[in-house]
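Both complexes shown next keep subunit A, but they swap its partner, so subunit B is in the first and subunit C is in the second.
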Partner chain A sequence: MPIESLTVNAFNGLYFAALLFFASVGLTLVFGILNLLNMAHAAFYGLGAYVAVWTLNNMGDVTTSTVALLTVLVLVIPLVVFVLSAALDKTVFAPLYEIEHVYQLLATFGVILMIDDIIKFIWGASPITVDGATDPSRQLGTLDLLGVSVSAYRSFVIVIAIACAVGLYLMFVKTKLGKISQAMSEDYEMVQMLGINVNRVRVLIFSISVAIAALGGALFVPFATATPAVTLEYVLLSFAVIVIGGLGSLKGVIVAALVIGMVRSFGIAYFPALELAIVFGLMALVIIFKPEGLFGDEGVVE
Partner chain B sequence: MNERNTRISRRHFLKGSAAVTTLGSLAGCALLQEDFGGEEIDGIPDEPFRIVQVLFESGPPAFYGEEAMNASDMLVDQINEDGGLIGEREIEVVDRLDEDAGPDSLISDVQAMAQEGEVDMLMGIISSAHSLAVAPAADDQQFPFLVTMPGTYQLFEENPDMEYVVRTAGTNAAGAVGAVRMVEQMDDIETVVTVDPDYAWGHDHQEMFEAGLEAVGVDVEIIESRYPELGETDYSAHVSAIADQEPDLLFSSLWGGDIATFVSQGVDGGLFEAVDESLLIGDTGAPLLNSLGDAMPENVWLGGRGGYQPNYRYDEDESHREFVDEYYERYDQLPGWGAYHEWMGFQALQEGVESAVSIIGDWPTGEQLMAAMNNIAFEAPHGQHTMYGPQAVAPAVFGRPTDDHDLPVDHPLLGEFEFIEATEVNPPQDVLTMDWVDELEPVTG
Partner chain C sequence: MSQQPLLEVDDLNVTIDRATVLEDISLTVKPGETVALIGRNGAGKTTTFRSVMGQTSIQGGSIRVNGTDLTDRPSRERIRHGVGFAPEDRRLFTTLTVEDNLRMSTWGKGDVDESGFRDRLDRALEIYPEMERFLDRPAGQLSGGQQKMVTVARALTSEPDIVLLDEPFEGLAPSVREQFREGVERIKALGISIVVAESNVRHAGEIADRGYVIERGQIVTEIDRDEPIVDNEEIKRIFEGG
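Now for the complex of A and B:
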């Protein structure tokens, strides 16, 4: 196995892990802290992808500057989604916090269908891609990584994922919001009785989580095609991530995303016939030997 | 390459049209002579001809369903503006079934419709796997089913006695064997990697392509076959693995959003610099070129089972020009394969009704109508679209991406078209596809 193909496969694996992290970290946070099993979580990844492709394709007349395009992807879209999801939390999701997980799954599955139909209603069912002129992945070209040329844009996505993971960790251990969140994951009622406005924390955590999923979708789309299928694919993958990593653990999501990303990348490269079996075989192994997931018995940031 | 192809095409084209005339008159005789039993219909009914369509309205292949839906809305409007079928009976699409519900649900819908008797014909279906389940069920219920899109060659080979089912799409043999014909004419191809979706459509294509290459005796080796799952969003691991091997040719029957994603990530990963030539045969054309735009590599052949490219014989063929112009005016994009397949379906329906009414004098029963669609031929962008019994045989048409075209879109379309006659890419009537492919003769032999 030449060193170059090792590097390329590791890079592909890291990139896929970054996407998985964006799509599933919020799912685990919302479950761990707010006790909501939101099946629709990764659907916001799909929504983010469509909003991004639409925004980028409409920016062409105003500017095609790479910095502006990246700012839109990394800051503007997640911010808009953050505000929208706060409204969603107060309306669609508010009644769901009180019900059992099974009903949460059913109800949020309905939300997936709604998001799917909204996407099709607005953008149609045909695959759409970012125009060449406003596609940062084409503008940025390639860079040299250990003698191999890799996409500069995808490297950027990996960096943003790492920054996001570090940011979340710091938020949980350093800020008041993070500490209250951790306490809520331990004992929701006790925190409520201490006079803390848990609803406010709930809205913030929910919106941050959803905004990260949308950020992932936005970053994903310059290098891929927005199709209605994206939604469901990432819903399934994000469940594989949290089953392997353990529900409710930030560390679990990071480790599981990396494991899946690497195993899939090297697996596809050297055993292409096993592609489907790889991710879900891994999931089956974890369910057999450690049903709670790799870090499922730990708190959010333990 | 062009020269040789044209010569072959003309020879077979003439042979083909002679055969069609004979077939047409045979079909007429059968309609008159055969006792279909059951109730006959008197005259032309006043109420509209009621169709239920089945296609994907959700799920990954929904974009294909959308094109088909668009085209059928447009064609039904056009036919009705002229008074309807044979100018006398309007068409009404009374319902649409979402294929995403799965075969079990579709079968029970078909059974219910057949029993209620409120629908005259079922039309459409996209998935090859679904067609294999739903078509025999419709036939069991004696419910007419005009299959317009799926490609699996197994449909009539596994159910040879269906009398209520007709398919106006060519089988996937045309695409796969068409690709073999293209390879026969290429120089310097020694190694091939295949990439096909992991279900019947993809595996069929790969098997036919591999068996066909071996049968015609070209010195080409398939060094690897990959089967990504349907609806994959990240092909980069496949792309770098293929690029590493630097095959001379890449063959793929990925279609729809999948081929768009694959090509776009392939461009990014330097795939089309690592391979010399590609054959992308998963019903590829305008929608792919639209979504890829300028990123579309030029060293690829796109196409498949039929000349369903908007600028293919656009100037020569008036009905094609009208179809493309009208579709573009209505939907602001060029028609893709789903749209073309529906067009062929409606042509067969018009042709079938016309010939049945002219022979019987009254409106045909369901069984008569389906029989009347057997062994007919009608105009398509690629010339005569011929039915061998209930199954259409399509030629293969491939082209290279180019910006040099006159249609009012700012994305590339195809040029340098290669036309491979239907008889070169389909088995003769009553010969099983795989048996034929295993014994495939070289095109020049």
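Now for the complex of A and C:
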């Protein structure tokens, strides 16, 4: 295999892993800490994508500055979604924490359909894309990586994903919120009996998780098209990530996203027709030989 | 002179999955007292404690702490009103360090900053000085006896007026049990009230001023200060079949 081809495929694998990380890390955190199996989690990735296209396309009259566009994608959209998801947690999701996982899956599947219909109602069923003038991926151009020209924007997305993973890890091991979250993942009731307001922690963790999914969707669209199918695709892929990595493990999400990202990137290069079959075949193998996933028997940040 | 009770449980009724688990449970604890709740496994001791901590669905009765009715209030209100709880099965957060486990209850009560926590940590170390050696170790790496000490210390770092100890001596080797008992004596010396749930009559007799005997979810007798717990007839009937 030529070194250039290897570099390009590895880079694309990293980029895809970054997107998968954004789409699925919140799913595993919400399950690991709050015991909620939220099938609708990656739907917020799709929602983030649509909101980003709409926002970028409406920014053209105000500014086309790359910094402003990236700020909107990385900070403004996740922040808005963070606030909205706090309200959603208290209304739509609050009753779901008390029910069994199978009912959680059914109920949150309903939430996917609701989000899907809301997207179609607002933006229609046709694919939408970011206009050239406000597309930061075009503005940033390319970078040289080991003699190969790669997208500077995709490199930026990979860096943001790494920063997000490091930030989450530090939050869990260094902050009060993170330590309480770790404790809740082990013994929710005992945390309550120590007097901690678990509802407040729950809303924060849920909102952070959903905001990261929306961040992923927002970062995804400058290079791609927002379609209703994106939501479903990432719902399925994020489940593959957490099945392979193990539910509730931050390390599991990182490793599984990297594995799937690489497998998919090299699969597209060499066996394009089998791209998804390889990913879900891998998931099936993990279910057969390690049903709890690669790191499913460990804590959130072990 | 009659003091206002610190803890008043009055006609408490709890059902779980339609089965009556506690029936008309009443008990009081005054400031500075150590009271034993004695009964066999499954008699309702842990459910009584969980009810006091706000973790059961109460069908009837009331729970008052320092005169405030907390029956329908969440667990955190009970902590703020001065109740601490050390569960039988320890329930430490195994991935967190011992120090962070202790810090959790000050976060729960929310009344001190980091320097306030340090003061409380020092006081906890006066009760169980052995903890100094493993403060920075993950709680999951400790022995059973060490975990018991941390469980009690965690209940104390919220600076409670009353602490509920559920089977504190269970599973401890004799040498550790003695060390542990000395710690309980130091807690008593601080004037903190204790309710200790015990299935071992001798252990209860060693530390409690008086006691209640619980059987099948009901208080069947109350043992006064002037009567040695081990000599109580009801105790003999339940535990010795006499």
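Just so we're on the same page, the second predicted complex is superposed on the first by the 301 of 302 C-alpha atoms of A that agree within 3 Å, B and C clash if a C-alpha of one lies under 4 Å from a C-alpha of the other, contacts with A are read in each partner's own complex, and residues count from 1 in each chain.
Following the convention adopted for this analysis, contacts are C-beta pairs under 8 Å (C-beta built on N, C-alpha and C of every residue); 3 or more make two chains touch, one makes a residue touch a chain.
Bear in mind that the values here come from a model prediction, so they are computed numbers and not experimental data.
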Is A:Leu79 touching the first partner subunit B, the second partner subunit C, both, or neither of them?
neither
In the superposed model, which partner reaches more residues of subunit A, subunit B or subunit C?
B
Quick check for you: in the superposed arrangement, does A:Lys176 touch first (subunit B), second (subunit C), both or neither?
second
Once chain A of both complexes is superposed, is A:Glu186 in touch with subunit B (first), subunit C (second), both, or neither?
second
Is A:Thr129 in contact with subunit B, with subunit C, with both, or with neither (first, second, both, neither)?
first
Using the touch definition from the top, say if A:Ala94 reaches subunit B (first), subunit C (second), both or neither.
neither
Overlap of subunit C and subunit B interfaces on subunit A (superposed complexes):
none
Once bound in the complex, which stretches of subunit C touch subunit A?
53-55, 74-76, 78-80, 85, 87, 91, 93-96, 100, 103-105, 107-110, 154, 158
Subunit C partner contacts - residues on subunit A that touch it in the complex
176, 179-180, 182-183, 186-187, 189-197, 299-302
Which bits of subunit A are touching subunit B when the two form their complex?
5, 8-9, 12-13, 15-16, 19, 116-117, 120, 124-129, 131-132, 137-138, 149, 151, 154, 220, 223-225, 227-230, 232-234, 264-270, 272-273, 275-276
Give the list of subunit B residues in touch with subunit A in this complex.
57-60, 62-63, 65-67, 198, 224-229, 231-234, 236-238, 240-241, 244, 256-257, 260-261, 264-265, 268-270, 287, 291-295, 333
